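Presented below are the structures under discussion, each in the form of structure tokens.
Both of the next two complexes hold subunit A, though its partner changes from subunit B to subunit C.
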Partner chain A sequence: MTVLELDDASKFFRTQTGLGALLSRDQEYVKAVNDVSLQLDDGEIVGLVGESGCGKTTLGKVVMRIHELTDGEITLHGTPIEEYGRKEYFQEVQMVFQDPFKSLNPQMTVREQLAEPLKVHGHDDREERIRESLEFANLTPPDQYLDRYPHEISGGEKQRVAIARALVLDPSVIIADEPVSMLDVSIRAGVLNLFRQLAEERDVTILYISHDLATVRHICTEIAVMYLGKVMEYGPTERICSTPSHPYTERLLSATPVADPTHDRSKVVYDEEVPDPVDLPDGCFFKHRCEFATEACDEEDMHLRPPAKAEADDEDWLMACHRAADGDLDWETIPSHNL
Partner chain B sequence: MSTIPIDGDTRAGSLLDSLSELAMRPYRILRGNRMGEVGLVILLGLLVLAMIGPAIAPYDPATKDINEDGTLASNEGPSAEHPLGTTRYGRDVLSQLLVGTRSALLVGFLTATIVVVTGTTVGLTAGYYGGWVDSILMRITDIVYGIPILPFAIIVLTMLERSIFWIIFMLGLIYWRNCARIIRSEVLSLKENEFVQSAETTGASAPRIIVKQLLPNVLPISFLYFAFATGWSIVTAASIAFLGFGDPTRVSWGRMMFAAWNTNSVLQQPLWVAMPGLMIILTVASVYFIGRTYEQVANPRLQGDS
Partner chain C sequence: MLLEIEDLRTTYTDSSTESTVTAVDGVSFEIEEGESFGLVGESGCGKSTIAKSVMRILPDNGRITDGAVRLNGEDLTELDAEPMRQRRWTDIALISQSAMNALDPVYTVDTQIKEAIEAHESWSEQRMDDRVVELFELVGIDPERRHDYPHQFSGGMKQRAMIAMALVLDPDLIIADEPTTALDVISQDTILHHLEELQAETGASMLLITHDMSVVAEMCDRTAVMYAGELAERGPTETIFTNPYHPYTLGLKNAFPSIHGGADSLISIPGAPPPLTDPADACRFADRCPFAAPECRSSDPPMKEVADEHEAACARIDDVGIETMREQAAKREVWHGVDDAPDGASAGDGAASAPTEVSGGDSA
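So, the complex of A and B:
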């Protein structure tokens, strides 16, 4: 069942604010998120990947109502999110932030951090919920953590506390923005498994935002690849990672480090700059950097379409490239693809 | 930031424990720092004087002492009867000094309370809300920065009433400006921490976020400005009194100096003007010592250069 649905969601930021905005006649916008449509079912972990500046964090913040939607619609359980009261909405949707060193209040004990959302929502069974959350986040026994301050626990434990805090309200959706990027590699797997457990045992829908394909591959059921505010390719994790079909996805995957010293590291380095998100080109945003680009790419818009070669079980597989979808890309001509 | 030692075992205790823990925090910070300890000892001594000063003063500070030959004991030097001598009008300098402690600390602490409450509130509100709220509050702060305090105080006191409470009120109304600016800038950087956004995405109201998330993090700065404002206001109140606009119903150090100057007695009876001056320096130095120590602890970057 669809829990969270984005329908042509867009977020533009003004380049000028305050007095400048009043004086200048032509207002310019940074198009951070551009007509993104996504469907998240219950218990699904969707990975949102892309290089920095592609709008993935902005998208997360739009869903968290930290930013307001410029255009399009986001619905939760079929109801537009603006129709929810703030508390009502955040009861359902919670966020885990990137940096656990900043996302916990240094002046509050673990108990106070977790009690605060419950107090805001007027729950009386605070102590039980706090203990239950901490146990789920593998901070056991909870008594050992309840009265500690953030500076007294490790980075991994901090992020577990942040996850436990997101869980105390028992939400149905969690937005996780790079939740392990600040953590030591040795403890990432444990935190990642926690997210997987959340989806499997509690049916929580997770939007996992990351630039790190290795972690995305580890826990996500579906992946959306973003570039300049657009979804370039969307599909089941296996599909995207084993047979990337969009030229940009292919590039992104080939940039992932491989733990194999004999691996051929030849890869294409782009000369072309990423286009300015204030002044986006017509047609495909990726055409300047794409070796398959033809004149048709100036015309063709970037709506997501199923590839021609899609098989029956590939019904969720979509891409924004008309040539890749038609299947007329000759991958053999690209050096990095022949590894 | 973990420079404040917190004993792991005391924390699980009752509310009373946590309250006393909070009350002891300023002291715990000063402990072990020589400058801070000296400041604290001086201040505690002055506090005791402020409380019992009038009781231990050997004379009524307003009583004129008449010599045996019927003349006024005017501008006398130190003697067994008057350890610090007498004033032009034959009053005991030591008694005035002791009684004056109370006004000085009253002005210092009451003004500092107004300064810290106003400054912290304005700083938190402007910093957290931002936008036009911030613009309006900060422009008001700028205007207050432009007020020259002595002329302003003298005019207002002339128009109203020369009472110690008007002086306190006016000083409080002006000296909150520094506190507000510093707290605002601290809030601006605190706001970037994700724990604030995290609180926002639970649906907590803005006042709740200010009180629960931000206030505990700026309190060390408020403590610091409490110490500074105590010093500023004692000096300024003394200046106002020295210029002759002090509360005429109260004995204060500033008024002692004013009277000594006004009666041309500075050279004849130097203790009359030197002793209150020394007391002002002592009081202000003690709160600055405490403030400096506190600043070093609240700001880790200053640590190690004491």
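So, the complex of A and C:
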């Protein structure tokens, strides 16, 4: 069942604000999120990946109602998100931030951190919910943690407290923006597995934002690849990671280093910069960096469609490249192609 | 041998509590000419302190208390401030994670690189200019853009400009401390590519410090794994990854996600590293190690040869048998106990979970 749906969602930022905006005649916009449509079902973990500046964090913030949509619509359980009262909305949608050292209040004990949302939302069964949340986040026994302050627990435990806090209201959606990038490798795995458990055991829908395809591959059921505000490819994790159809997805994958010294991978070199998001080119935004670009790419409107290599049961696999849709990309001609 | 680090010990003193932290506790390794040497470990293990000790740029409360750092045979720890200043940049250059933030916003990149040259050499304007142009080409930035200010560069470009600056005087040793951690995969790949090229071109050696095992796997000839101020294992990168010996390295491999291969679930290492204020004479990994035995808590195991040019600091390899150890270490229940949920997070859990079924067996 669809829980969260984005329908041509867009978020543009003005490049000038205040007096400058009043005085300048031509207002320019940064198109951070540009006509994005996504559908998240219950229990799905959708990975949102892309380079820095591709708009993935802005998209998360729009869903969190930190930013208002410029255009398009986002619905939660079929109702547009702005029709929810704020309290009602955050009962359903919670966020886990990148840096647990900053997202927890240093002056509150673990119990107080988790009690805060329950107080705001007027729940009486606080102690019970807090304990249950901590247990789920594997902070056991809860008594060992309840009265400790953030500085008294390790980084991995802090992020577990942040997850427990997001859970305590029993939300149906969690937005997690780079939730493990600040954590050490040896404890990262535990936090990643926890997200998987959340989706599998509690049917929580998770939007997992990260630039690290290796971790995304491990926990996400679907992946959306974003570039300059647009979704370039969307599909089941295995499809995206083993047989990507969009040239940009292929680039991202082949740029990911492999922890195997016997694996021979040629590096992806881009000395040219990503186009200016204020002054986007005509046609496909990726054409300047794409080995397969032709003149026809100037006309490309980047709407999502099935790739030529999709099979009958691949109905959820979509991408935005006219050449891959026609099936005339010969991957073997790319030197870095080694998937 | 270009760089020899011998039994290096570096401490930090907390003036308010008068406690001392031994961040690096008797670390030795060598780097040959033209070699890439990787140093991997988690935050707080002391890997950056090694970089700062070699460069002698420790903060005021940090001190090298023992050991030697020899560059081309000369012990850097014995040098006075001025000769040491001359070695920096000319002989050893450092590229740090936040290097890109070290650029001064009010000067052009060109001015800043030339300022660095002038601090060491008296080159003509023309020679400096030629060198800057040459290096910009090497790091893949259009030389026309050398007159730009730092804010006109993207993060990846700033980091590349800093690499150009580090290499301007052709150092023998490049220390790259998490050079790409703040960047996305595509910028990272571009930078690693340029670093490799530059190294091949100049014949410089590189000490690459990172928490990212995949970067080391791709870039380095030899690798050392560091844990809680000490080396756990050291050897050729290929055998460190394919045939690791130390339980910590085995655990790291389980915990590291890969873009290839099956999406099987990852296994974390329970517990956390011990505080380094007053290290006991014991193996520092013992509390998290499923193979720990009483002997691991009574003395700190030294590095000893386990294979060709490959050393590990573990007292249990022979008793348990390395094949048994590797086989056991790949199982979740060995790290987390049978009825434990996927991951035990609390510190100290590891100590209780030493499974009996692996001790003493030697089926290798």
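The criterion applied here is as follows: the second predicted complex is superposed on the first by the 335 of 339 C-alpha atoms of A that agree within 3 Å, B and C clash if a C-alpha of one lies under 4 Å from a C-alpha of the other, contacts with A are read in each partner's own complex, and residues count from 1 in each chain.
Here is the rule we go by: a contact is a pair of C-beta atoms (placed from the backbone, for glycine too) under 8 Å apart; a residue touches a chain by one contact, two chains touch by 3 or more.
Since this is a predicted model, take the numbers as computed values, not measurements.
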Combined model on subunit A: subunit C and subunit B, fit or clash: fit
Greater residue coverage of subunit A in the superposed arrangement, subunit B or subunit C: C
Contacts of A:97 with subunit B and subunit C, given as first, second, both or neither: first
Contacts of A:156 with subunit B and subunit C, given as first, second, both or neither: second
First, second, both or neither for A:86, with subunit B first and subunit C second: first
First (subunit B), second (subunit C), both or neither touched by A:27: neither
Contacts of A:258 with subunit B and subunit C, given as first, second, both or neither: second
Shortest CA-CA distance in Å separating subunit B from subunit C in the superposed model: 6
Of subunit C, residues touching subunit A in the complex: 42-43, 140-141, 154-155, 157, 183-190, 192-194, 196, 211-215, 217-218, 237-238, 241-242, 251-260, 263, 265-269, 272, 341-347
Touching residues (chain side subunit A, partner subunit B) in the complex: 64-66, 85-91, 93-95, 97-99, 102-109, 116-117, 120-121, 147, 149, 151-152, 162, 165, 169
Subunit C partner contacts - residues on subunit A that touch it in the complex: 51-52, 138-140, 144, 154-157, 160, 184-194, 196-197, 211-215, 217-218, 237-238, 241, 251-253, 255-263, 265, 267-271, 273-274
Residues of subunit B defined as touching subunit A within the complex: 1-2, 6, 8, 11-12, 192-195, 197-204, 208, 212-213, 216-217
